[in-house]
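Working notes for the structure below.
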Amino acid sequence: MSSTWGNKIKISVFGQSHAEAIGVCVDGLPAGERVDREELGRFMQRRAPGRNAVSTPRREADEVKILCGLVNDITCGAPLAAIIENTNTRSKDYEFLKETPRPAHADYPAQVKFGGFQDVRGGGHFSGRLTAPLCIAGGICLQILARKGIQIGAHIRSVGDVQDQAFDPMGVTRETLDRVKGEEFPTLSAEKGEEMRKRILAASAEGDSVGGTVECIVTGVPVGLGGALFGGLDGKIASAIFGIPAVKGIEFGAGFAAARLTGAENNDPYTVKDGKIQTLSNNAGGILGGISTGMPIVFTAAFKPTPSIAKPQQSVRLSTMEETELRVVGRHDPCIVPRAVPVVEAVTAIALLDAILDN
Amino acid sequence: MSSTWGNKIKISVFGQSHAEAIGVCVDGLPAGERVDREELGRFMQRRAPGRNAVSTPRREADEVKILCGLVNDITCGAPLAAIIENTNTRSKDYEFLKETPRPAHADYPAQVKFGGFQDVRGGGHFSGRLTAPLCIAGGICLQILARKGIQIGAHIRSVGDVQDQAFDPMGVTRETLDRVKGEEFPTLSAEKGEEMRKRILAASAEGDSVGGTVECIVTGVPVGLGGALFGGLDGKIASAIFGIPAVKGIEFGAGFAAARLTGAENNDPYTVKDGKIQTLSNNAGGILGGISTGMPIVFTAAFKPTPSIAKPQQSVRLSTMEETELRVVGRHDPCIVPRAVPVVEAVTAIALLDAILDN
Amino acid sequence: MSSTWGNKIKISVFGQSHAEAIGVCVDGLPAGERVDREELGRFMQRRAPGRNAVSTPRREADEVKILCGLVNDITCGAPLAAIIENTNTRSKDYEFLKETPRPAHADYPAQVKFGGFQDVRGGGHFSGRLTAPLCIAGGICLQILARKGIQIGAHIRSVGDVQDQAFDPMGVTRETLDRVKGEEFPTLSAEKGEEMRKRILAASAEGDSVGGTVECIVTGVPVGLGGALFGGLDGKIASAIFGIPAVKGIEFGAGFAAARLTGAENNDPYTVKDGKIQTLSNNAGGILGGISTGMPIVFTAAFKPTPSIAKPQQSVRLSTMEETELRVVGRHDPCIVPRAVPVVEAVTAIALLDAILDN
Amino acid sequence: MSSTWGNKIKISVFGQSHAEAIGVCVDGLPAGERVDREELGRFMQRRAPGRNAVSTPRREADEVKILCGLVNDITCGAPLAAIIENTNTRSKDYEFLKETPRPAHADYPAQVKFGGFQDVRGGGHFSGRLTAPLCIAGGICLQILARKGIQIGAHIRSVGDVQDQAFDPMGVTRETLDRVKGEEFPTLSAEKGEEMRKRILAASAEGDSVGGTVECIVTGVPVGLGGALFGGLDGKIASAIFGIPAVKGIEFGAGFAAARLTGAENNDPYTVKDGKIQTLSNNAGGILGGISTGMPIVFTAAFKPTPSIAKPQQSVRLSTMEETELRVVGRHDPCIVPRAVPVVEAVTAIALLDAILDN
């Protein structure tokens, strides 16, 4: 259960921040699919740290080594495994984390759960660095989905209280998605993006951090993925998205706003367009009764602010049970949302491909 | 995948609205646990329709027949199965639903997925009636959890734009939970409850419906349930909650609001209270890094407005691909949120017991 | 894990011998498949007790009530659940079984596992009666498979040291399978069948029982079901067959005999027949590297002798830890193998349909 | 499903014979367990090729690189991943295997299943080399089990028609197990071992191969592992053992011999020994009703002869559908049974640890 997910596609993510390597095993990829390594490299770059002023200056080489699963870059039906060797690991003493847990990190519950044996170096298995293997797996799934006419794109929907405009839930063009993916700071509105950067830099200057949301859209989805009750496509996507560290919420279509609407406002009327059954609006976010409707799937995920902040915080020494003041040192993204965008795309791709193969 | 959920506890929900019966099979309950049938009956009553003016006047007998899994009302380690026979099934012709799908219902995607073979009578397997077996399974889990000192309670957090006050995320007493559970219309504030009722009746009077949210709290949770990445307790709860029809979103702790906070605001500082490590606030909603912190687990789920409304709606005749006007007749809850409250408790209990047994 | 099996098809078996009912929930059946209730009834009859002198005179009504999953006898994509109400339950005191475990039954390990809370009445959840729900589920799968050109048939391969001839592993006609299925005592050779009956009656006369083997063949299997390592079709079938009480072994194709052969003897050479790739022999039993070859799948399962025998046996009183002599009273099949034949077919059908839908 | 197994312990095996690496990800190992790398290395050596005259002269370095999951050689609760880089990969052209499938190999069904995209180099993902990662995972599980007082040992039970004596099913000492494990050719009887070697060398001299069986015993098993029906410990072990390439059968305790016995002969009477409930015989192989009895678990697995033989064999050219004669060149074990012994131990350890953690 822990770091494995999926039904037809089985993803096993492994590694700790300061172990020899992090990586992923992907079982169940269909045979005969080409993996474009350059495209994968470009996708990985979108998640890589150190790309701009609002990101941690720490640089990871993040060179992906695909160990198996391919023959001449074509999937061969065997599990695909890939690793990233850890190089930039300043292995100073992290043991103090077992004594004084950092607020909003997994330190304290992990200490209890693993009896003090957890790897605390750099966040261990809880590190955001583990999203890199998710991007390897998801980046490959994205390539396979694209060949089936399915596009997945995400953008920063908000940082703090600065909001980007939303995707048109009725559909976005591939050009729009590609443009946003090409952005170092992926928003629909460049002005709002600029505001968000300022918001992040302001938080950073105060030794603080800030949260935000990521909106994701999937176009080209066939009708009929998912199923009733626990087989719902929304539940499947949600369970995968909550696998990303720092996610605190998810909503599909109108989501929490739908809870404030009436049925007449929220129900999407049916129409015929381009010879196909479509809806005039897409408050459903492309899913009804757990099943895809053929309209774009749209959801938004909430990310909490980066827990590691320079400001002093109150904690407790576990050995003496005395309160103490903690200062988290080191370089951390003052906002993880920009780098979370490709991770959301990756995880969504894994969930979608799983749903398609399961259909 | 479809109607089965769980790892240690396996829930299989079955039935259609107008089939002979609906029911549930629960595999993995620990042996030696007493099932109090009267308490279960009272719990089922909280979900039953027809209890008040804002609920559908349709009455279900909802008599639970436990078929197996008990000896003298004590669990025996074998799967527990229970059914509710369907009696109140006005079996008129529902075939028109295959021709003219109702907006915001599963009709259209189910028609495509199941090739027209799906049971459309009364919503079939997609009916809200399927939440009754969830309540049987969850009602039993609630009893087992209570013996372990774990209390689960929920209330209507909002209806339309009328908001009840929130649970104190630092904890609520069992008395408060019991009082709310005793309410026909479960809110913390009686006045807000009255406003919500009016909101629902107003929507109903217009042939419309309204959505809302349910907040749930779990107290007495041990530290250490769940795990990193896909093993997270939040992901587990989310995947179960999305199994409830009409859920469109979920957020833990501060949730989407956390995305607007800074780290200094959102991080919960550690302290020592009653000789235990606790936090001074609970924006985390009791879960960090996917693992329970020992603080109450708090989450809110968004429910869309009841899709069935009396107002005319636009749809399409599938055979001719012509637009048409649809009027949904029959008696439907103008707001499903009040009856969803015990369902959220039930599903949460299933997820929690699964997490505890998996630990 | 306990009483649930499958990936695409999920079977949850429930019930105890003396509970209100036994039954099964089958999730994942494709929609649009007709269930012929009469054919299912005839299939259930093949497993029913009391049909002949070598079977227990106890008669079960075994009336199958399908609760849901069908509309006009056509699968609708929702889980199918069916029950058999328990009527013939002489509910005398079985509590002594908790004090004095019967040899070769689950009594003792179940007592330890379930802390004395297990249902001991008539064997509880360990009763051979639980194979009836397996036959409901499998009987339906058999009908679906037959429409895909896949036939499954089994026969008594041996009772004690009396051996029936083996199926021709290169294939058997549907006529042969139908003829054997029509037999009250299903063997290929009528004479050997007669010998087996005598062997069983002789054991019975001595207050003893006897074991045997069941051979099963599957024809019309497409090439390519299953996969490498743990995804093997043989592993899948084996894990399902061991779900049948009293099974102690399974072998595919030449099986244990293959272990005595050389490669030149065991390897099945390829040829072309009827325009298709086939093998000249079928020592592989239709599976290579975990994947179906297109040749018939052939396997044999070993069943131990019925544990319940009239002869006195040595046991221990658990409360005093003193040895004691035990006499098992009641009516029991002196050999369960004849009634196990349709159960093997049923379970194989479940596994095969799962493999096909998973492909 | 394909190359992943387990419930509490999740094993994902990856790699192809000529890929960059083969390896395994093990999720769910308890935290705080020491991994003795030297002991693991010795265990891996028992499986390594080229150790004696009856094994392939091909030598693998088989150096295990543990990538993650440990801190100072102690499990940290995160998944453990380990790889073996492939060095000795004579990458000549294997493409002819897609044209002319080798009898008794997965070539033909894999060609159909994977549409010709499968990796045929050295057997690809179907290679016996994939048992090395199984040994890494299982070798670690063996160390953890040993600390719980559980010993697992196996030996060559037969090669062709030469039979070693069987383990005493009532129990064997750790000394005996250790002695057998120390043998280059692990048998109980040295003379029988010598005969077996001769049998293998004789087959080899004729360009042929020979099959055999491996018997495995587990001592120190607690009462109560497993469960009824599909939750049986025997089914769990069987599904894991069939994950080993070339396994064609498995039997527990008396197994197929039990099918020839009467109940009075087969039933194991209870007694009290050393203050514990035990049985006077162990025909059950330590499992009743799917649950461990506390007696040693004993089972035997049948391995077919190595499919790769020097003798000419009949096959078919797939492009022209013409029969052809095939000669398999290269160095292959004339009998895989000796090297399969530690693999059986490894897989059994994985299954046992999974059952214990699931309990």
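Each chain gets a letter, A, B, C and D, in the order it is written, and its residues are counted from 1.
Following the convention adopted for this analysis, a residue touches a chain if its C-beta (ideal position, glycine included) is under 8 Å from a C-beta of that chain, and two chains touch if they have at least 3 such contacts.
These numbers come from a predicted model, not from an experiment.
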{"item": "Relative to chain C, chain with the most remote C-alpha centre", "value": "A"}
{"item": "Equivalent of A-B within the choices A-D, B-C or C-D, defined by over half of its residue contact pairs recurring", "value": "C-D"}
{"item": "Centroid spacing, where centroids are CA-atom means, of chain A and chain D in whole angstrom", "value": "39"}
{"item": "Whole-Å separation of chain centres (CA-atom averages), chain A against chain C", "value": "46"}
{"item": "Chain centre separation in whole Å, for chain D relative to chain C (CA means)", "value": "27"}
{"item": "For chain B, residues that touch 2 or more chains besides their own", "value": "1-4, 7, 13, 78, 110, 113, 125, 227-228"}
{"item": "Chain B to chain A touching residues, read off their complex", "value": "1-5, 7, 11, 13, 101, 103-106, 108-110, 112-113, 125-126, 130, 158, 160-161, 203, 206, 208-213, 223-224, 227-232, 234-236, 238-240, 242-243, 245, 247-256, 258-272, 275, 277, 279-280, 283-285, 288-294, 302-309, 311, 313-316, 318, 321-323, 358"}
{"item": "Residue ranges of chain D touching chain A (in the complex, touch as defined)", "value": "1-4, 10, 12-16, 19-23, 25, 27-28, 31-32, 65-71, 74-81, 83, 110, 113-115, 117-119, 121, 124-125"}
